[in-house]
Amino acid sequence: MVEINLNRRQFLKLSGATAVTLAVVELGFNEKKAHASTKEFKIAKSTVTPTICCFCGVGCGILVHTKDNTVVYTEGDPDNPINEGKLCSKGTTIRQLYTSEKRIKKPLYRAPGSNKWEEKEWEWMYETIAKRTKETRDKTFVVSEDGMTVNKTEAIASLGGAALDNEETYLLSKMMRGLGVTYLEHQARI
Amino acid sequence: MSKPQKSNVKVRRFSKAFVWAHGINAISFFALYITALPMYTEFFDWLYPVLGGPEGARLLHRIFAVAFVTPTFIWVIFDFPGFKRWMKELVTWKKRDIDFFKEVAKELFGFKFKHVRQSFFNAGEKINSFIQIFTAILIIASGIPMWFPEFFPAAVVQWGYFFHNVGFGLAIAVVVGHIYLSVVHKHSSPGYTGVITGEVPAWWAKGHYTDWYDEEVAKGNFPDIDENGNPKKPTSPDSKKKKGA
Amino acid sequence: MATEYVKFVDVTKCDGCRACMVACKNWNDLPAEQQDFLGSAQSHAKTTADTWNVLQYIEHENSKGKLDYLFRHSACFHCTDAACEKVCPENAISYTDFGTVVIDHEKCVGCGYCVNNCPFEVISLKEYVDKNGDKYRKAHKCTMCTDRLEEGLQPACVTTCHTGAMEFGDKAAMIKKAEERVKQIKDRYPNAMVYNPKGVGGTHTVYVLAEKPSVYGLPENPKVPTSAVLWKDYAQPLGKMMIGATTMGVIGMFISSRIINKGKQDEGGDSHE
Amino acid sequence: MTNSWNDVQYTDCALIMGANPAENHPISFRWLTKAKENGGKIVSVDPRYTRTSAMSDIYASLRSGTDIPFMGGMIKYALDNNLYHKEYVAKYTNASFIVKDSYKFEDGLFSGYNAEKRAYDKTQWAIEKDAEGKPVKDFTLEHPRSVFQLMKKHYSRYDVDTVVKITGTPEDDLLKVYEAFCATGKVGKAGTIMYAMGTTQHTVGTQNVRAFAIIQLLLGNVGVPGGGINAMRGESNVQGSTDFGLLYGNLTGYLNAPTSTDKLNATLAGHLEKETPKTGYWSNKPKFIVSLLKAWYGPNATPENEFAYQYLPKGNKNYSHINLFKAMYDGKLEGAFLFGTNPVVGGPNAGKEKEALSNLKWLVAVDLWETETSAFWQKEAGSDPGKINTEVFLLPACSSYEKEGSVSNSARWMQYRWQAIKPLGESKADLEIIHELATKIKALYKNESGPAAAPINALYWNYGEGHHPDIDLVCKEINGYDVNTGKLIAGFGNLKDDGSTCSGNWIYCGFYPEEGKNRAKNRDKKDTGMSLYLNWSYAWPMNRRILYNRASCDPSGVPYNKEKAVVWYDAAKGKWTGVDIPDFVATRKPGDAGFEDPFIMMNDGVGGVFAPTLNDGPFPEHYEPYESPAKNPFSSQEINPTIQLFDGKFNERGFKADYPIVATTYRVSEHWQSGTMTRNQEWLSELVPHMYIEISEELAKEKGIKNKDKVIVSSARGEVKAYAMVTKRFKPHTIDGKKVHQIGMPWHFGYKGFATGDTANRLTPHIGDANTTIPEYKAFLCDVRRA
């Protein structure tokens, strides 16, 4: 799990609010709460996990606040030297990657000629895809070309992966080369 | 009571149109007043639940605001002569109007007083009318930008709040007095009935609006009456006099 | 009061990324609003009940005839002398010890007085529908994340600003910084100025503007509307007094006439029944 | 990036060209703002006055597709005015090398051109070698065939008058840029060039970058803090995914994928011979290749079977994006896997890419959302579902913080992301999806033998028993370990070519040097000097933060700028030291061979002013975009003579007569790439909800278009509807005396999500760069009219 020591106190200080914190203590605000706060402090009991922004190549650190099985807030990671707790509009909003109603939550299948998606089980999807891959691969596999062993299929393409983790791109690259795929491309090209 | 009984003879003082206009005006005014109170000062916040919350109060206030604008039109359309007379009276000021105030002050505090001869409206009513007209215009004119701020420059809306407030304060002050006189003040109470039925006791009309009464008598509309309101001679058949209940 | 804090916005450092807009929505859980195309990069014409700060984008031809692409984070100014607070009939708007101006939604009745009296037009009403399907309204605006201030955190918008265009700190220090910054950038922006209008007693959002306030659609000399001052400081107390006085007068008349009349047994004047 | 984001603050001048970091890499402006505060200048060169331009000290406009004239003029300016860093140029670059006399340049063509093949015989540009095979040099740089003199001659044609005639840049602005940036040629000064797709997405994209490289070498700006050539990556892990070989031509770590076009590749030995240079760090290549084969094929890779080399697929052509879709369009592809990509919005000539999809038998899309691509068969996409027989499998992936793993940013920092929450609904990590698919496919082949089964059966797939693979095992395999003892390898210097070590990606070898020490997870935020943060995450190679940092010191090893020193030679200790990890052999002493050669990854140890390996010439030369409104003033070669042409319906070409307006595409802050990730989020959709084009007041007036009007943009490929944003930030250019208009538009939109709009890429052409085949999104022709 997370190997960082990011308890809440530390986090507060890191947000650059040290001076304010002190002043607040002096003023004793607990007695005289401002009117704005009528509910519990939003991130009072949230779990904080550091991540790296999934958008551009700057690699800003983000803290994800989770509570009650949902994401309640996302903000810049003050520890990360690249962004020092700052973010742009996209980084700030990654909370909605989880909360957006548009997320697909079940595997979807579209049969040939059909005009709709059908929900399917993962296992069925995996097995059917594996079958299709094998059928196409077996049918189109080229063992040798002009006397040279080439072990490839030029009938299957793999596209994308610039937003995957390194470990994922590694496995993807390995799997595709292992299958003999030559049409292997991702967003660096486009 | 040792005094002789007053006569039941009534004369028509107000047209139906005026009665309606006045009624609508009065009711909507009070409705506006009540619905505005909690907005005027948080002292009256307890009224919100009664009025259906701020939204209910706001809605009612707007409904009555429309109602409040209608009486003038009712009067003008259905009793133009009455309206014209009112206007004429308002611009007619004589010494008797000044004298009226001297006596009224005495009366209000229970001192001995005498009736100064007045025409259709006494000087007090005329003053009341003036202030009411003024405040009504103020309130209505300022209320429009408050209601539709999106169509007015901010400054107009902002001044609207001020004038609405001023109008409100003035109107309340005048209305409180007006009502006191009509409802509570016993010397004026026939006027209160009059503004609801349109008819008042002849003796009361003669006492309070002597000039007007005499004028109507001269025209043959009203019976000539004695102190106690009993006719001095038979009235003409086409008079508007009616038998009281 | 101990230290007074202000949000210092140096628009000449802003690069218009709009993180402040999203950070605000994220922290305050504000929903998105469908927006029309406005003909520029700007998303909202002005702040709304669900969008408490708006990044302005202004293409301005400067005095040298060159194009300046100006940005401004616009939000509630948190005036020291706040018109909204003055006109609120419910005392729902108040000052906190941080100098921020906040709306208590328990008290707000949605009358909109604050909306129409704010010299900066930053307050808006939001319509809600309750359980019974009835509609009601509440006024909304930036809170300067007062809930965060109470916990020792800075406002969400300031926390996320990456160019340092926004800072939150001690009022005197921030104003000094602003003044120094204006000196630095006078060559580049001859009309640069500190915007901390005195007409509203100074604000708790202090700007360094690159241009005259009017370029940003800001009033040059904003103040609590005179109408609001007359209304709240004169007309309303007077009105209350008048209601009181009239009421007292009527009661006085009633009582006095009763007493005198009782004594005189209807001797004076005509008796009317 | 050769340097890092934080390093930008040390620059004396940042030239931002072909990029708009204020809008597309906003946090970079945290450091650019610091640079400004430190007295640095920011220069923005862009056809459009962007938010980056607004933040800059100097702005210069140019017509899209004229970067080489702009930079060529700067090279000439630096040379003419003696502003280049003389020692650096002489010692650290190949400017002193003598080129064979077969090298010629005439009317836009270098020697060795074959018009039929549209290719050069590059041997004609070779460097003269001495008996030992070392380059012949002239440190005086005066030899007429020295690279320096050839360069000088080449760019003598790029005089200011000709440059402004073709770029449309106001001369004043042009000279201001030249002056400001060339000032960094002074010893001890640093200038950085920050670029992105505005540079690369041209038919001369690679040469645009080469032009940057040349000027940076001339000014001595490579390898120094505050300097470098910094490609700002558009995706969180486009760096990593490229490092890990998700492009057809590369295996992991930039090892070339073997092709069947070279007979040497028939055997591993031949392949190694072909790939391995005699000098430079790449001489260690066999260790990396064999270790990779050991990682992929495990125990099945033995010395006897050439470490399973033969199982690697060998291609024989260009398989890049455009060619891939051409093959699909021609019905040559049966199946495709898409991992978080949306070519129906993001691909060039996207209308055709969508059409091509219906030729697939099956399509697997792994995504968080339903994309325009996975839904290409729907009515809303303009398709007739009944006629499309493609089977589509849409697998729900989880977001980046619903799983764990590392990403590598532009600065090569490999940062770990921890799992914050369980995947939403039934969505899964791509790691698990890939693992399950591989496992299932392998299972189908388990009982088969035969030529097709052998490679897949030999693939070593051992990441634990569960459905979810053990990511730690994956990390260890990437780093590499001793296959006999399982001990992790401390760094790629320890890799072997005898099959005793494995390493899935040699450049990453060292990130996991010992058990329990995955350095991607390092979170010590202490500044270890010069804002390099050596203990925060891990940067390949070997945690070096500034590539070629040896070049920040003079030949004797003393930093050119002592205030901003990052590495230096410590005579007392007899080795290189500093606040960065020396990108050099640390033990090399004065007098040792190569002590004065800072570019260890280059075969000759020096920076390449002259690049005889590129397809379109050793020096950048201007050619007009595939679709251009102007004539090339430099030669009769209108377009890049070496680009691959795609004819017919797949790629209609437009000409000036019908489409007189230059168009370009770009991104906005609030949306990302094809918009899938952002148009499905409400807060971002709210900020930029509509497709629009930016158009100058002048063009708007000519066309009778008012701000906020709906307009139609048309190109030879298609039409899109959009709002018109009439702006002062676009100005027409005067090109060769004529007014040429340019418009621009974001390419994020499609019909799915909260923010919808027409797809700009329906307009863009299927034409690519001569080296990378990256599509020319940034300069094409169009017309505009009111809708």
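Going in written order, the chains are labelled A, B, C and D, and every chain counts its residues from 1.
Basically, contacts are C-beta pairs under 8 Å (C-beta built on N, C-alpha and C of every residue); 3 or more make two chains touch, one makes a residue touch a chain.
The shown structure was predicted, so the numbers you read here are calculated from the model rather than taken from an experiment.
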Chain nearest the global centroid, as defined over all protein CA atoms shown: A
Gap in Å, rounded to a whole number, between the CA centres of chain D and chain B: 87
Distance from chain D to chain A - Cα centre to Cα centre, in angstrom: 22
Rounded Å distance, chain B centre to chain C centre (Cα mean): 42
Centre distance in Å when chain C and chain D are each reduced to the mean of their C-alpha atoms: 49
Interface hub residues of chain C, defined as touching at least two other chains: 17-19, 21-22, 25-26, 162
Multi-chain contact residues (two or more partners), chain D: 26-27, 30, 669-670, 682-684, 687, 754
Multi-chain contact sites of chain B, meaning residues that touch two or more partners: none
Set of all touching chain pairs, with the criterion as stated earlier: A-C, A-D, B-C, C-D
Sites on chain A touched by chain D in the complex: 1-4, 47, 49-62, 64, 66, 69-71, 79-84, 86-91, 93-94, 96-98, 100, 102-115, 117, 122, 125-134, 136-141, 143, 145-190
Residue ranges of chain B in contact with chain C within the complex: 3, 6, 38-42, 45, 48, 53-55, 58, 107-115, 146, 149, 154-155, 157-159, 161-162, 165-166, 168-170, 172-173, 176-177, 180, 184-187, 189-190, 204, 207
Of chain C, residues touching chain A in the complex: 2-3, 5, 17-19, 21-23, 25-27, 92, 94, 96-98, 100, 102-106, 143, 146-147, 149-154, 156, 159-162, 168-170
Chain C contact footprint on chain D (complex, rising order): 22-23, 26-27, 29-30, 33, 49, 51-55, 668-670, 682-690, 692, 707-708, 723, 725-729, 754
Chain C-touching residues of chain A, taken from the complex the two chains share: 12, 15-17, 19-21, 23-27, 29, 32-38, 41-42, 73-76, 83, 85-89, 91-93, 95
